[in-house]
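Provided herewith is a single structure, encoded as structure tokens, for subsequent inquiry.
Order as written gives the chain letters A, B, C and D; numbering starts at 1 within each chain.
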Amino acid sequence: MSEAGPYIAVVGAGHVSGELYEQAREVGRLVAERGGVVVCGGLGGVMEAAARGATEANGVAIGILPDEDRRRANKYLTYSIATGVGHARNLAVVCSADAVIAVGGEYGTLSEIGLAKKVGRPVVSLGSWELGEHVDVVAAPKEAVETAFGACGV
Amino acid sequence: MSEAGPYIAVVGAGHVSGELYEQAREVGRLVAERGGVVVCGGLGGVMEAAARGATEANGVAIGILPDEDRRRANKYLTYSIATGVGHARNLAVVCSADAVIAVGGEYGTLSEIGLAKKVGRPVVSLGSWELGEHVDVVAAPKEAVETAFGACGV
Amino acid sequence: MSEAGPYIAVVGAGHVSGELYEQAREVGRLVAERGGVVVCGGLGGVMEAAARGATEANGVAIGILPDEDRRRANKYLTYSIATGVGHARNLAVVCSADAVIAVGGEYGTLSEIGLAKKVGRPVVSLGSWELGEHVDVVAAPKEAVETAFGACGV
Amino acid sequence: MSEAGPYIAVVGAGHVSGELYEQAREVGRLVAERGGVVVCGGLGGVMEAAARGATEANGVAIGILPDEDRRRANKYLTYSIATGVGHARNLAVVCSADAVIAVGGEYGTLSEIGLAKKVGRPVVSLGSWELGEHVDVVAAPKEAVETAFGACGV
């Protein structure tokens, strides 16, 4: 029944430039086309773009919000979870994922990379934090998605 | 895109008698038949039964797990979220819901009722804690689901 | 070095009548006089009163706040912890305690009683929720503190 | 009553070399000598060393544990908080601090740096992650503590 593909978290800032937005949207689209489920933080910017790309490709996007309700959920999510735990929802985003793709990103994204690695999830960086060998640095959405799927053994 | 119906959390113990299991399964089925999304804690007992009922009726069941990964997710969930925050995931279960149905239940369920009411969610009790006027006490799954849908204004 | 006595959580509403306030204050005082550490949610009402009673008796009161900073901490706390996890801080309050005393209380208190019992902490009720044999119902602050200390084996 | 000095979080790995341990211990000692409260994650390694240094200097060290009880608390803590929320306790560690000093550190530390910056806390790096202008890189414990106290305006 629960035959969903790998869950790929797409993490990044809530306010981004048009270029990053389009990259995240393409990441979302490619994840969906390969049968993956997009997981994100549920708000705007990269989170919205990834959800949008996934659902535009008839895939599934699940948003995990920091709030006590889903009012701030972006309109492209298939489902939204309201955690009520503030930034601790970052932990839920990465724990729910088989692999994490960081697109750009600021401090919240840095925390998600740290938490993801702490719980053993592979992290792919597309224009995100430079952290040496700890993340797989890629140059384009297609490479990001291929690397993420490869890293989670699918 | 995100035109899912109301989210109904079905909460209860992780190990239950056959009777409670069947009640929770019917609750899940009825929620799904009315177009609602079942949210639960993702493990066994009432959580499994509700997810099973929902997906057997071709509905959607989302499990919100306490763990850092989804290994303990029951097999009837459509999607599973691993929060990594232990019992604090109870807060996410009720915040994600428009109404909560408690089926039987022990201390974890009691905490979910308290948290649900704290964040303003209506709670329906089917053989669960006796808490006076604070919860809507019902006698059967059908009444539970009708009351829950009514309480969330759908 | 860390020879602090038992940690007693005093939980209850953030806005209370003068009578409940004085009861919580006496609970705090008596816990401190027996060498216990008062743990509370850090805000007003019962939380403030318990902290006040403890520190007026030269004891220690630690507040565990839901917020991302300590600005709302009541002024009687010896130390304050800002968790940033909203109502999930209720879990931290009870996990940090060897026993829990509920003084009056509303839905947040109900959730704390549920969480406390879930993680195996004894709960003493002073004018709080009626939950049958699941909590020790007492009639006065002195009895509450004696029962709580007895329950945590000190 | 609550006239405690600034709270300085000392974060780092749970297993460290003798050199890092001694650095963290000196950081703890210096924080305490300046009247600050050491906050840490409550376990071993850097967390233990910082608590040890603080309490050896007659200061206060508060440990914020991921667990549901305080059994794993290191023996140098003055007080320990059991949060029950797993790695989400990293958020509580940094929210409770006026400034954060990272001593060495692995992925958990990276997440704490990200979370600290997200909630606006200054971060001082002593042999920790290289993150450009986002953290104040220092070379020795004394400089770390001076920088941290300066950053939180004390």
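A few points about this structure:
The working rule: a residue touches a chain if its C-beta (ideal position, glycine included) is under 8 Å from a C-beta of that chain, and two chains touch if they have at least 3 such contacts.
No experiment lies behind these values; they were computed from the predicted model shown.
In terms of C-beta pairs in contact, A-D outnumbers the other of A-D and B-D. For the touching copies chain C and chain D, the fraction of interface residue numbers used by both exceeds half; the interface is of the same-residue type. With centres set at the average Cα position, the gap from chain B to chain D is 39 Å.
Separation between the centroids of chain A and chain D, computed from CA atoms only, is 30 Å. Each of residues 68, 84-88, 91, 119 in chain C touches at least two other chains.
Those residues of chain C whose C-beta lies close enough to touch chain B in the complex are 85-88, 90-91, 106-115, 117-119, 129, 131, 134. Interface residues of chain C facing chain A in the complex, by the touch rule stated above, are 68, 84-88. Those residues of chain B whose C-beta lies close enough to touch chain A in the complex are 1-2, 4, 37, 39, 55, 60, 62, 64, 67-70, 73, 75-85, 88, 91-92, 95-96, 119.
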